[in-house]
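What follows is chain A paired twice: with chain B in the first complex and chain C in the second.
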Partner chain A sequence: MDQGVVDLSRLQFALTALYHFQFVPLTLGMTFLLAAMETVYVITGKPIYKEMTQFWGKLFGINFAIGVATGLTMEFEFGTNWSMYSHFMGDVFGAPLAIEGMMAFFLESTFVGLMFFGWNRLSRGGHLAVTYLVALGSNLSALWILVANGFMQDPVGATFNPDTMRMEFTDFAALVFSDDAQAKFVHTTIAGFVTGAMFVMGISAYYMLRRQHREFAARSFRMAALFGVISSLAVVTLGDALGRLDYLVQPTKLAAMEGIWHTTTPPAAPWTAFAIPDDVAQKNYAEINIPFVLGPLVAHSFSTAIPGIIDLEQKARVNTVRGIKAVMALHQYSEDKDPAALATFKQYEQDMGYGFLAQRYAPDQDLSKLTADNTPAVLDRAARDTIPNVFVEFWGFRMMVACGFAFVLVFAFGAYFSLRNEIEKHPWLLRASMWAIPLPIIACEYGWIVAENGRQPWTVYGWLPTYMSASSHSVGYMIFSLIGFVLLYSLFIAAELYLMFKFARLGPTDHAAPKPLEGGGPLTFSRPGYADKSWQ
Partner chain B sequence: MTRLLQIAALAVVLVFALLFAVVAGDYAPWYFAWMVGTVMIILIAAAGAVLFETQEAGRADGRDPSF
Partner chain C sequence: MELYAILKLVWAGLLGVLLIGLGVMMGMDMGVGTLLRFVGRNDGERRTALNIIGPHWEGNQVWFILGGGAIFAAFPTLYATSFSTFYVVMILLLFSMIMRPVAFEYRSKVPGNAWRETWDWAFLISGALPMIIYGAAFGNVLQGVGFHFDWTAQYHQDESFIWYLLNPFAILCGLLSLALSIQQGGAMLMIRGVEPIYGRARTYASAAGLVAAVLFVLGGVWIQFIKGFVFTGKVDPSMPSTPLGGPAVARQAGAWMDNFHAIPILWVLPILGVVSMVLASISLRANRPALGWWLGALSWIGTIGTAGVAMFPFLMPSTTNPAQSLTVWNATSSAYTLGCMVILAGIFVPIILCYTAWCFSVMRGKVRVEDVVHDDHSY
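Let's look at the complex of A and B:
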């Protein structure tokens, strides 16, 4: 396999996923926020909440349409660019993707039409049910995608069949209810809630700064701030849960995230707040450490040592020796169906992936050509490969976490001042809310980078290396298709930004006229005739 | 009779919810947390809007609108 093709395949998937993921979180969050707004409309009967649902729903619709278009190509990429991966785990990966298409996506797509065009055709309760079904459908889409991704991170519920050379289901429930799938689903969807809340809060802040649509903006800001403050706290909580899971099932990812080169000594093991990790020298520069924090943070214990990268590499060396035996036995079994070879394979099966890693560096990628002279070098290179890029992982993680805590602060201040009806007295917070609109999307992108870069060098952690997973295209084909995707997706992003800015600036209908600010006293949002049907 | 049926239906829902909580709590704690948490987030946002209207009504009546 040409490494250039593998790298280009990775780059293409990374770019399409990063583009797609600029739309997904907003969809996940906006749907439930719209449902909350419409719930208030149904309960109170006040038309302004219907108008809020319709206006924010219009912006959601722009994002939804373009987001769906960017997502469709990704499923095809599994077949075109990752054919070996699709063969190896298609039995496992295909099921959740099919369920996502048949159940969640159809549910979401069917009801989204009713949501947009059914206002005058459905009863209030009926339309509200449709809005909730759209929200449920979009989040169920995320569930099945993340169940599939959960298997790549923590392969449970399937075993390798040496006769078919692929992973096959043994326990569907184990796959769906795996800890990784669960925590990742909640973390990702709630991060979407944060994105949706920041989007509504930021645009509402823009209106308030411009003294436009103030009744509309104040209510939207209030709902988004409360929606966001709980969501941002939940995201931080789930982030901690995912970190602990990584410590348990993906120790290389965790060590890279925290820049831990040497196994720690509890209880004083420090958490590294700042460092410049050097992957080649395997050390950190300019470290700023906080003692006694790492153990409780990662393992929830003061007495547990956290394995470091250098020790994990040594452990991987042992795994690789066993993995070479597994792969050689597998080759023999595939040729002559020798029961002894099968027995040997079964003995070392759990380390098969490490044998594949070593195969990359064996002469002619043939493990039978390993000798006493060349084996140590092959083992060293294979073991070194098991560590993801530490610099990217370390800083990707910190950027995401910093954004997460910033969101808690912005939402908390927003909710507090909104509840006191003093939000317009704090233009700094309105400006911060407005400029923070893209930050949750950036944090989601960093989160995706941390999750997937940290999984390297595997497509299926511990079983299938990335270098073996790609299709055997030419470099020219990959470059051509990559340029095509970049141009097309950039066009999508430009269209999204143009439409979002256009419709956000236009604002909701009937309230375009600026309302003059009167003195510095408390602001009144109510206007006669506006909330004509009171719930009280 | 209608009221009795309503109470019976709500009792069935309650029993189902309790059983669901027990099973989901054992096998899918994070999924369960998501369901409960999402409902809570929606309710808190909606409650904030209802409180807003109450504050506005209080302001119109000349009462202190602050929370």
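Let's look at the complex of A and C:
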């Protein structure tokens, strides 16, 4: 296997996934926000909420189209670029993807047309139901995608079948209710709600700063801020749950995220707030430590030692010795169906993935060519491979968390001042809300990086190494597709941003509302039943 | 027959249903995209044509996504091998497919002529190219593809992509699929369109039906001379799903006709195909677009059904190592996965068909230029 092709395949997958993931969280959050706005419209009958649903729906549409388009790539890229992965894991991994299509994506996509086009053809209740179905569809879609991803992180509900040379599905419920999948589903969809809330809040803040569409903006801002406070607190809580899961399921990822090189000594083990991890020297520079925090933070305990990278690497070396025996026995069994080879394989089966890792460094990638002389070096390199890039993990995690706490603050202040009807008196907060629009998206991207870089060197943790998973393409093929994706996606993002800015600046069509007050007098409302509320 | 073999057969059938659904529903939208520049001579007309499928294209496109997902779940080895061996073609298909959603949503949001003209070209490319590739993929697997597997079941490609892109039989199949999509898209434009779109769509769609019939018959004659594949070793339909260590396979000219000779009732499928294409063309001429649309759907059933039974049980035969050809018996998922997926498909596919039909009925009726231009929600 050409390592250059594997790296290019990884680059392409990361680019297309990160690109796709700029649009997905907004879709997840906006569908529910739209449903909430429309619910208020149907209950109160106030036309401004219909206007809100339609205007934010238009911006949602611009985002949705590109999310769908780039999602197509993801569905096909496993086959076009990760053939060994698809063969090896497809029996398990394909099912949630197909279910996503049948149960979620069809629902979302069929009704999104009615959501845009059906305003005059459906009753109020009928249209509201359609909007809820779109929201349900998009969030169910996230559920199945993350069930699939959960399998890559923590492969439960499947066993390896040496006769077909692949993982085979044995327990549907275990796959769907995998802790990792469920925690990640809630964490990710709520991160989407945060993204949607920040988007609505930020653009509303822009109108408020310019004293445009004031009633519309004030109401949108308040709804988004309240939605955001709840969501952002939930996203942080679930993030903590995921960290604890990683500690249980993927100790290498957790150790890399926290920059833990040596197994900790409870209870004083410090949490490292700042460091410059060096992957080669296996140590941190310029550490800033906060003692007694790590244990309760990660393991929710003062008495648990958190394994460090250097010890995990030593452990992986032992796994690799056993894994080599597993893979050699499997190879023999695939050729002569020898029951003795099968018995040997079964004995070491749990470490098969480590054997594949070692195979990469064996002469001609053939484990039978290992000798007493070259084995130690192969074991060292394979064991070193089991540690993900610590610098990327450590800082990716910190960037995500920093974004997370930043938007908790923005939402909290926003909700507080909005509820006190003082929001227009705090232009700094309006400006902060506006500039914070990209923050949740950035946090989501870092979340993806932490989750998937931390899974390396595996595509399916502990079972199949990434280097084996890729299709055996030529470098030329990969350059062709990479250039195409970069060109097309750059054009798309330019068009998307252009339209998004254009329509956001244009604002809602305020037919019924009075002309905006130039220079900003007191906030007054013309609609009956509105002025007598506790607003000014 | 064992349960596992039955499940494999059921999934071969469901694969057919999906590929037909993809042809009918997505093909219809692709046909509209291809015809856009020809049925709409000014911006208002083009917008009208787009809005005829506006509420539905997103749902229809999911047939394509579900097609990918279902092949992944039920035929993982086929998914892995076919998408990788056809890499360059698949990437071109993806590029054109990802232009479409963006084109729909963005085209009419900006007034400029150059902007809209650019997206109209995107519609032409993203309508015609995927259909040609869809048909050409069938053309290529009918001739066999150069690949083999190593002991870990990793595929290795033995042929250059130029052959898959530019071989005459595949191009013929690609044009057939394009013609069928134009017929289906034209019928839809007639159902919901008014003059002048109606009349232009009628001309193109009825001609496309006849072209499709001619290409289909031509392909049928050609297939006699193409080397098909037959098992020479003993076949166990319940075999473990792996391309390694399967029964021997031979290549023989005309072998794709064996199933028709063995079970003459199968001739119904190619006859259904040709007759529906011709009748669809006649009904569209006779201003019966709804009937023409359903006959168009029957044409897809006839065409994909013919290709499927001709090759059965082969899915993607290998020219360089025929014994490692992918078949219905060796390329599926495990019995457990197939079983789960049958149950879920049994529940969800009828639901999908119901709500899709409901959406079409809510949005039924003619689309006129003046409605589109004055509606804030239209494309």
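Quick note on the criterion: the second predicted complex is superposed on the first by the 512 of 536 C-alpha atoms of A that agree within 3 Å, B and C clash if a C-alpha of one lies under 4 Å from a C-alpha of the other, contacts with A are read in each partner's own complex, and residues count from 1 in each chain.
Following the convention adopted for this analysis, contacts are C-beta pairs under 8 Å (C-beta built on N, C-alpha and C of every residue); 3 or more make two chains touch, one makes a residue touch a chain.
Model, not experiment: these values are computed from the prediction.
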Which superposed partner A:Ser83 touches (first chain B, second chain C, both, neither): second
Touching partner for A:Glu100 - first (chain B), second (chain C), both, neither: second
Partner chain(s) touched by A:Gly61 [first = chain B, second = chain C, both, neither]: second
Which of chain B and chain C A:Met223 touches, first, second, both or neither: first
Chain B versus chain C as contact partner of A:Ser471, first or second or both or neither: second
Contacts of A:Glu168 with chain B and chain C, given as first, second, both or neither: second
Touched chain A residues, chain B compared with chain C: C
Interfacial residue positions of chain A with respect to chain C in the complex: 54, 61-62, 64-66, 68-73, 75-76, 78-95, 97-103, 105-107, 109-114, 116-119, 121-122, 161, 163-166, 168-170, 172, 331, 334-335, 468, 471-473, 477, 480-481, 484, 488, 492, 495-496, 499, 502-503, 509
Chain A contact footprint on chain C (complex, rising order): 54-59, 61-62, 64-66, 68-74, 76-77, 79-84, 87-88, 90-91, 94-95, 97-102, 104-106, 109-110, 151-157, 161, 240-242, 244, 333-334, 336-337, 340-341, 344-345, 348-349, 352, 355-356, 359, 362-363, 376-378
Interface residues, chain B side, partner chain A - complex: 27-31, 33-34, 37-38, 40-42, 44-57, 59-60, 65-67
Residues of chain A that touch chain B when the two form their complex: 32-33, 35-37, 39-40, 43-44, 46, 49, 173, 177, 179, 182-183, 185-186, 189-190, 193, 218-219, 222-227, 230-231, 234, 238, 241, 415, 418-422, 522, 524-526, 531, 534-536
